[in-house]
Structures are given as structure tokens and as C-alpha cells.
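Paired with chain B in one complex and with chain C in the other, chain A is shared by the two complexes that follow.
Presenting the complex of A and B:
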């Protein structure tokens, strides 16, 4: 298993390397340069000459690629940042990311072990402690004040270091993407299961119809409809501002009272939720429709399997049949689907982020493409690539955990 | 005489389809005594499996429904039992083994888990006692190294081994009746023989009644005390193994026997086949359902549905001409 993961990681690095080369070449040969806009102004000539020299744009493309590649993996010193609050809100350093990753591992681990047979009490105790341990480690790392960064260069648009921009945007994108994913999973999976159990019932037919309508509605329609109904009309009818149509927090967010230990206060949480709900719901609506369809199909397949008939013939109560025998089998195909969806969250939701003025990776990315901002484009592409590689491995590992027929050696 | 263990009376199980109502089981009545081994034979779609599923009440509405009938088991009418009590009966008093052992076990739980689950459900024992019982039954079905194999998953077993596990699961709670629905169909011939021998031994040891459903006459021959032949949702002949094999009264039974390959046959003759195809169960033919395929059909066969009655030879048969025909004398088919 360990050897398998190492092998997959090595393949992953090779894949990322190839990806960087292909994308770099594509940008180079797609026409235009980052400085084209300055050429309109004749007085900019010396600036263009200076920037061309400074960014190395006069060098051949392969030389530019190797300079980029070398810098891309070189660490630089950066001033320290406060810890825990950084994890939850705003800019993130690599330490904080490790903390988040550790938290995700802890959650994934507890979910995975929920399905593994517990043979002895010591194992149960060990499991509980290990989860607590991972969380404590995560907190400690998050509270530590050292911040790490790689030399990803300066944005060609003149808005600062690419590393800071990408990770700042990534934090925002994760806040939106993970919330949407959680809503989609919490509602979509049970919906699909229930539809399968009550196949062809009124509820099932309604669920199917709603799923298809939601799934086939473009996100810019859903987003705007939500803004119109839940934000604008709701405020008009009730006179109370329930949801905001744009931004991550109100302008007065920082002035709101802070909570204990530098954590956000209740009022601040409320403000965040008021901003987060509508964009998250827009994304979740579509994913939820997809998940419920997949889950329904996979559950139905299991419900008609021979081993479920065996379970029934054994005299098991219906609840045990569904929860123990059907569910675990029906969840296996969903794992792959969800894992890859998580990978693509990193890329941000370009349309949704634009509609809701959400300063995430999607908006950063589309802006960078419009300005032919090589360093930012490359950074975002590599982040998405790394996400896909890692989540593929995670999906395969989870597959092995859930399905005893799958073994890696 | 003691009460029979299982008493099925006028069982009718219908399935509604878009083309109409399929009368899969249409008026089946039979009794099985404690410890008796009963074979149910017939071709595909004659209602054998649906009969078994009906006894277990595994027919899922709204697709299929037991329309009328009475299934008395051990003094209780199973069709009147509330679902919770029926769950006690399933697996506890009536166990069932299915056709395809490759898919009948849940792939994500160990053999031990699945065995222990059944035992804990029906017997008042602790987890470790259940484990011991499970290991014992696995050893009974001749799984070598039973204790260690408890931790294995179904995919680590061969087809024959999995069917043994199914048998172990069925017998682990000492049921009074074991329904085996084509238990050897998916297995190769040598494994078939092993499984049948094993089932025979275990059923005799434990005095378990067995309802063996199969289309393979060879399988019932050595195993069953009594045999009933089903055709188009009804029983057409019932008798002891000797009666059925050596003196069939119904032309369908006679035809089935004739279509068997025999090792002692010396001449190279074409195998007999029952001509035609089974009738539609939505609109069964008027009169005898076997009539259109029968070589001996007369006017009465085309008019009236024969009922199961005692023939002069002893067994019960549903044929108008059973007593006048001497099928034994006709060379084709019938055993020696």
C-alpha cells in the first residue's frame, strides 16, 4: 500500500511536469504579450523595454520555461502571519495549509474507519486518540507563526506576489467550494438513497423531475434567480436584510466585536453566513442534483442484487438490510465522483464567483488569462493539476478501504 | 398422522406486467412433512421459484402479489403473520439457499460477519458463542480451516465453497425447513455432486425438511423422498421418487424423463424432446395447459382443466387420460 502511494506520487510529479510544459508552451504561442496594452501609449516605450528585460520576455521560450520552473520550486522568506485566524479567514501560509490538510485527513480517517470493522476495544481507543491527536497537531501548526512561500514571481498585472494572490484566493474559494460540497452531499446523497428505497413513488418522481430541472439550468440563471428572490425580494417583503448578493463579508466586518482566542465572534459568523449562503446554494444545487441521480442509480443496483435478497431471506429487518448491506455497497461508486469534484473545487467556480463578486481562484484565473499574466495562470493551473493528482490517489485509497475486493500491491 | 410441517393450499401468486397479469403460480397445493425431502421439478418459468419465494414472502409488491392461498407452517398461516414475526421465521425456521453463490453473499463483509449476523438474529447467544456456532457450522459444511476462513471475504472463496457457506448460513439456526432454489445450477458437475451429498448428509443428521427446486431430474433422483412436477404454474404430478421415475402417469413427466441423457443407453438415438414451448401464463390455453404440446390430447383435454387426483397407480396426477394411457409401455422416454 505504501509503495503503491509512493509510486502514484512519482507518476503524479511527472504528470505535473508535463502539464506545466504543455501549458507554458500553449500560452507562449497563443499570440500577444502581457505588455501589448502598454504599446498604445508611446510614452510607455522605456517602461516596456524595462519590463521586457526584467521579466525575461526577450529570451527564447525554453529559457523562460526553465527560469519559471526553477523559481516555481524555490522557497523565499516572507514575514510571519498570525496563525489560526489565517486558517479560517483570509490569507493562508503553507503551515496553515498543512493544518487544513491534517484536518481533512482526520475527518476522512474517521469517516473511513466508521466503515471498518472494529475488532477490539484498544483499536477503538487508539482510533479516538489518533483523531484527537491529528486535530491537536493541526491546531498547533495553525497557531505557529512561521509562514512559508515559494518564489512564484510577481503578477504581470502589478498586483503583488502570485503566491499571496493564489493562496489568498484559494482560501476564499475553499470556503465557498467546501460549503457547497457539504450542502450537496448532506442533501444529495440521502435524497438519492431515499428515492431508490421508494422507487416510483410520488416523492421519487418529484425528486427526479426537480433534479433534472436543476441539473439542466445554467448556473448563471440559478445564481441570479437566488439573488432576485432570496436577497432582493425577501428584503423587500420583510424589510430585513437576510442575504447579501455580493462579497465575502460586509465592509464593517472588522469593526464587529471579536470572539474569544482571536476566533470570530457570533456576529462575525452570522455576517459570513449571510454572504456565503447564496453562492454556495447556487453551486450546491447543481452538484446535489448530480449526486442524487448517481446515488439513486447505484442504490437501485444494489437493492436488486442477489445478496440483498439473501439478507432478506435471513430475516434481517428492513432497516439493517438498507443501512448495513445496501448502503456500504452503494456508496463505493460515489467516492470516486466526490473525490474528483473536490479536486476541481481548487480551480474555483468562475461563473459563480463572477456573479457573486467572490474574490476566489476562478476570478483570479479569468483576470490573469485576460491580461496574459503567465505567472498567475501557471500557478493556478499547477494548483488544479496537483489537486487532481492528489485526489485521484485519495479516491483510490478510499476505494480500497471501502471495497475489500480492491487491493493494491 | 401428525400435522404436516408445511401445508400450502391453493396458492396463487400473480405478477402484473404491461401485457397483463402473469399467473406465475396458479392454484398450487402441497404438504411437506417434517424431515421429508421434496423435489420440485419443471422447466424454466413454471413457477417453482415463485412458489418458494411466496413461502418466504419474498415477493415484492407492487410487482408481484400473493392473491389467495394459505401457507401453513408449523401450525401458523405465514400469509397472516405480521412482518416482524415473519422475519423470525425467515432464516430462523425456514432457511433458503439461492441459485448463484457467486453473487448471493455481500462482497464487503467477511464470511464470519455474515454468518454471525444470522445467528445473533435468531438465537439468544452472546457474540463469542455465535462465533463458535458459526465456526462449527462452517466445519460441518467441510470448509477446511474454518476458524481462519471466518475472516475472509466472499471473493476469496470458490463457487462451490461459497455455496457451502450459504448452506452453513442456512443451517446455522437449525431451521425446520430448508428451501434450496436450484442450489447447484451455477456449479460444475463434480462440485454439484459434492454439494448434493453434503446437503443430504446434513439434512439427514439434523432431520431438516428440504424443498429442493431444480430443473435437473438427475439431482432430485438421489436426493428426494417425494417429487412434484410443475407445469405452467400448477402441479401436474406428485409421487415418490420410484413412482415418478419408473411409472410416470402424466405425459409431461414422461416427456421430461425421455429428454434426459442416460449413461446406460447403448443405441445412438436422438433424445426425445417435448415439442412446442411453455404456454403464456397471461392467457393460458383452454382446458389442459399441457394439451397443445401433448401427443395424447383428446377433446376433453381441450375443454376441461384436469385437477390433481389419485391415480390407479398411487401417485397424484392432473391428467384426464392418466388411467387409460399406459405410458410405461411406450418405449420413448420413460425409464426402463
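Presenting the complex of A and C:
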């Protein structure tokens, strides 16, 4: 098992390496340099010359690549000056400690679940959903930036350290992505289960049709339609601004009254929800369609299995059969699907964030691409790539844990 | 089981020994596909879209020549007769394909031709609808005004956009990008996925290991971020020929090269299980060489997952191309694409000019939906273990 994980990790590192090489070479062809926007101003000549030398833009690309690679995996020396927020256990506020605790608990918990054998029936389902605990921990860590910093360089657009930018944006993207995931799970799974129970009913047919349509709709069309109907038209009809279409909070967010202990107050929560709903819904819609279809298929498979026929033959009530016998096994396969979905959610977030002006990784990426900002582009690509690699491994491991017939070799 | 008694069921003929013609796999396939009503409708819809997109220059304008915006296109009698003939033939073939019994080539022919009716109905020569605008440039009307943001009306069936361009012409031309993506990605994925998957599945050891590591690597690349980078630099690549830089073809090739991994895995799994089957062993015992076993014995049996998976990947690729164009990293304006039109349509839809967004998005959604329905229908039709009780 451990050999398997190690081998997968090695493959993952090779994949990331290839990814970095491909993207880095591609950026070289972008037909411009990051300093082009300075060229319009003749007084900028010495600055351009200095920056070109400082960033090594005059060197051949392979040399630039190796410099980037070397810096990319090198930790920053612990800086003494205040202001740099990302230091390994440097300045820890209460939120950071929560993040550290959550991370430790989640990682320890997920490791422990591989070894602990509990006879109880609920344990398998619970263990399967422990992945969500890992997600929450990752969210907190990304948000609080309590990790040691790597030397990812300065942004070529002049907006500070890439590490800070990426992890600041990652927190926002996780806020969006986790909300979308929660909506998709809470709505999609019961929908699929209900469809399977009422197979071929009107509701089932409608649900299948709807999820087919949603699945065939590009995410940007869903986002734009939500903006037009639920924001603009709703405001026009009712005269009340229910949902906002841009940003994470209103400009007056900080002036709203604070809640107890420095936590957000009810008014602030409401403001956040008004901003969060539409982008989260547009990501959730497609995932939801996928989950409900998948859940329906897996539930149907279980419902047609022999042990369920036995349960029926024993004369158990229908409710017991579905809740106690069918549901537990039918919920297992979706766990792997959820962990594989991270790539989709991040991809969806790139599009959704640029529609809704959400200051997350996706918008950072689009801005960096337009400005040919190498360090930011590379950092975002590598962060997303690492996420995909890790979640793929997690999905495979979970699959093996949940289904004892799978063997690793 | 409802259709057991109908004349369209070949199995009945076999059972009673009436039919002199042999029942091929193809007949069984068509029978099953025909029963999937949505897939059948989707099939015709896709051929319609493909036909209109392919023939786009015939009924929209390429240049600001005298035809454009100045009344109907003059179609010669000969063109009209030819079009009528093609259409009649296509309708007959389509009828035979889905109502009677027909072989594969005829069905393929019917696909291309069937929608000539729609073409004839919509071709301006018949209906005398003046076309107003070229798909890329505005064209003033008789009094010299440029018609900006005109709501749909009889002379402009889908209205004009914020630059005064005819939305119908642009929707029709936009289909070409999606079509290019569909064709190129389908071909590339089917080719690469099948070759890599079958080699890896048939030759264990070094070949399998190295090919599958490479496949894992391609699968590990996050699709959208990489596609955005490539889309950004594509027009700048000097060594590429022009048609790959400008239009949708370059994007299509790029997407094809990025998404074949899933199919390769499926084909490999299929080969791994088929390789151990008795019929392959029998072929080997009879002295067949590797090439013959792969092409004559294993590949035909692995065809159905290849076809289904390729169809589904094509749907995804069309969506990704539209998303790239929407973000501005795909096909560059003024070349129309459905994704790009949705982007510019979304900007003006806020002011109440909904038509560009709705019609481009509608074309995109219905096309992808039709492809997914076809994939669903093919999956049902190609699965020999499936019972016919469904639907």
C-alpha cells in the first residue's frame, strides 16, 4: 500500500515536471515580454534594462527555466522584517492555530482511518466522507497561509510576492469551490437516490432529461443566465437587490457592525451569501447533474443486486431496505467521483470567476496570462496540477479502501 | 418487448427463417438505435447543423459584394434543380435508413443530404428575405444607416448585434468552429486513443508500461489552464501555417492532443480482457499473426466503447472550445464562434438586447445535447448484453 502511494507520488512529480516544462516553453512563444507595457514611456528605458537584467529575461529560455525551477522549490529564508506574512510558525493568530489544528486532525484522521477497523456499519460511510474533512483543512490552511513559503518570486505585474497572491486567491477560490461542492452534494445525491427509487416515473424522466441538458450546457452560459435572470431581472421585477453579480463583498462590508469575538455579524454573513450564491450555483449546477446521474446509476445497481432481493424476500419494510441495505453501498462510489471533481471545480472556477469578478485563482491566472506574468502563471499552473495529482491519488486510495476487492500492485 | 411483432425487427425474420438476407451486426445496431427516439432525432439535428455549417458560404455572404444586404441571392435554375435533387435523394435515403432497412454507406450519405430541405427553405432565393449583413463587417441599409441591435424581425430573423452584424449569419458561421472541433477532436482522439490503447493492451511489459506512463502524464495535465496558455500563444507561433493559427482548427488540434488519454485507458482495459478470451487463443492456435489478431479479432470487439467514448469526448471538446472563445483565448474576433458570440451577447444582454446571447447559446447547447444523446443512444445500441425492455 505504502509502496503504491510512493510510486504514484513519484509519477505525480514527473507529471508536474513535464507540466512545468510544457507551460514554460509555451509562454516563451507568447510574442512579447512582460515589460512591453512599459515601453510606451521613453523615461522607462533604464527601468526596463534593469528589470530585464534582474529577472534574467535576456538569458536563453532553458537557463531561465532552470533558474525558475531552482527557485520554485527553494524555501524563502525566514525574513526578519515584519510585513511578510508567510513564515513557518512565525506570527500565528488564533485563526492560524485553528487551521494548524484542523490540518493536523484531518491528516491524522485520514491516516488513522486506513488502519482502524470498526465493526459498526456507519463507519464505512463515515470514513468515505472523511475526504471532506481533508478539503476543509486544505481550505483553512490555504486561507490562513500557515505553511512555509517557497521562493516563487515577485509578480512581473508589480503586485508583490507570487506566493502571497496565489494563496490569498486560493482561499477565495476554496470558498467558492467548497460552497459549490456542498450545494452539489446536498442537492445532487438525494435527487439521484430518489430517481433510482422511483425508476421510470415522471419525476425520474424529468430529472434525467434536466441533468442531460445541464450537463450539455457550458458553465459560462449558466453563469451569464443566472446573472441575467436572478440578478438583473429579479431586481427589475421586485425592486430589491437580492443577489450581486460581482465581487466577494460589498464595498461597505467593513462598516457593517461586527459580531461577537470579531466573528462576522449576521448582516455580514448575509452580504457574503448575497455575493456567493450565484457563482457557487453556476459551478454547482453541472457537478450536481453529474452526481445525480452517477448516484442514480449506482443506486440502481445496488437495487438489482442479490442481497437486496434477499432483503425483500425476507419481508423487510421497503424503507428499511432502502435506508439500511441499499443506501450504504450505493453511497460509496460517489466518494471517488467527488475527489476527482476537484479538477473540474477549479476549471469551472476559472470561467466563473472571470464572469463574476471573483478575486480567486482563476482571475489571477487570466490576468497573469494577459500580462505574460511568468512567475504567476507558473505558480497557478503548478498549484492546480499538484491539486489534480494529489486528488487522483486520494481517489484511487479511497476506492481501494472502500472496495476490498481492489488490489494494488 | 413491445416491438417484437413489428416488421422492423430482424430477429423475428431470423427466428421464422423467412428472410433470405442475412442479418448483420449492422442491422441489429440500426434497429436498436432506431428504437432510441431521442438519439434518432439528435442524429438528424446534428446532420442539419453540420450541413448548414458546411454550406454556410452558400447562404450567408463572405464579402461585401453586391448580393449582401441588397435583396435575395440569385440562385440559378441549375443550382435549384441540383439542390432539389440532392434533397429528394437525401430524404429517400433517410426514410430507408430509419424506416426501412439499409446498409451503412447509404445512411452516411443520407446524413449529409437530408437537411437540404431546410437549406432550400432557408435559402434566401426562395423566400426573398433580404440578407443584411456580412458575418464580420457591418453593412448599411439603403439609407446608409448601420442597423445596430435590431430585434429579430422578418427581414432579420435573429436580429443584429452591437456592431450591426447579422446574428443569423454569424450563428451559421459560428457552427463551423464547433464543427471543426468536433471533427478534428473526434478523429484525433479515436486515432491516438485506439493506437496507444491497443498497443499497450496487446504488448505487455515495456511497451505497456512506457505508453501508459505517457498516458498518465497527458491525463495529469489540467485541461483548461493548459488550453488557455496554448490558446494565448497559438496566433504567435510563426512556424504554424495560417489556418492553424487563425481559426478553430489549431484549437481543435490542441484539444485533440490533450484529451485522448481517457480513451486510451479504456481501449487498453478492453484489449487486456479480450486478449485472454478463447477466440483469440483459437486464432493464435490457427497461426494468425499479431496484426491479424489485433485488427480482425480484438479491435472489432472493442469498437463499441471506442465509438461511445469518442462521441462523449467530442461533446466535451466543443464545450471547452466555446469556453476558450468566451474567455478570449480561442478563436479571435471577428471570426464568429458560438462561445465568442455568447461573450459579446452577454455584455449587451444586460441592456435588454437578448438575441445574440440566446441564439448563440441555444445553438451551442442544442448541438452538445444532441451529441450527448447520440452517445447515449450508441451506448444502448452497441451493448449486446442490453435487453430491449428499456423504453
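Assume the second predicted complex is superposed on the first by the 292 of 409 C-alpha atoms of A that agree within 3 Å, B and C clash if a C-alpha of one lies under 4 Å from a C-alpha of the other, contacts with A are read in each partner's own complex, and residues count from 1 in each chain.
Just so we're on the same page, a residue touches a chain if its C-beta (ideal position, glycine included) is under 8 Å from a C-beta of that chain, and two chains touch if they have at least 3 such contacts.
The shown structure was predicted, so the numbers you read here are calculated from the model rather than taken from an experiment.
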{"item": "Partner chain in contact with A:11 - chain B first, chain C second, else both or neither", "value": "second"}
{"item": "Contacts of A:325 with chain B and chain C, given as first, second, both or neither", "value": "first"}
{"item": "Contacts of A:26 with chain B and chain C, given as first, second, both or neither", "value": "second"}
{"item": "Touched partner set for A:315, first chain B, second chain C, both or neither", "value": "first"}
{"item": "Partner chain(s) touched by A:306 [first = chain B, second = chain C, both, neither]", "value": "first"}
{"item": "Most chain A residues touched (candidates chain B, chain C)", "value": "C"}
{"item": "Which of chain B and chain C A:242 touches, first, second, both or neither", "value": "neither"}
{"item": "First, second, both or neither for A:389, with chain B first and chain C second", "value": "second"}
{"item": "Complex contacts: residues of chain C adjacent to chain A", "value": "213, 216-217, 220-226, 228-230, 232-233, 235-237, 315, 319, 322-323, 326-327, 329, 339, 342-343, 346, 349-350, 354, 357, 361, 364-365, 368-369, 371-373, 376"}
{"item": "For the chain B and chain A complex, residues of the former touching the latter", "value": "56, 58, 84, 87-92, 95-96, 98, 100, 103-110, 113, 117-118, 121-122, 153, 155, 166, 169"}
{"item": "Touching residues (chain side chain A, partner chain C) in the complex", "value": "11-12, 14-16, 18-19, 22-23, 26-27, 29-31, 212-213, 215-221, 224-225, 227-228, 232, 343, 346-347, 350-351, 354-355, 365-366, 369-370, 377, 380-381, 384-385, 388-389, 392"}
{"item": "Sites on chain A touched by chain B in the complex", "value": "117, 305-307, 309-317, 325, 328-329, 332, 402-405"}
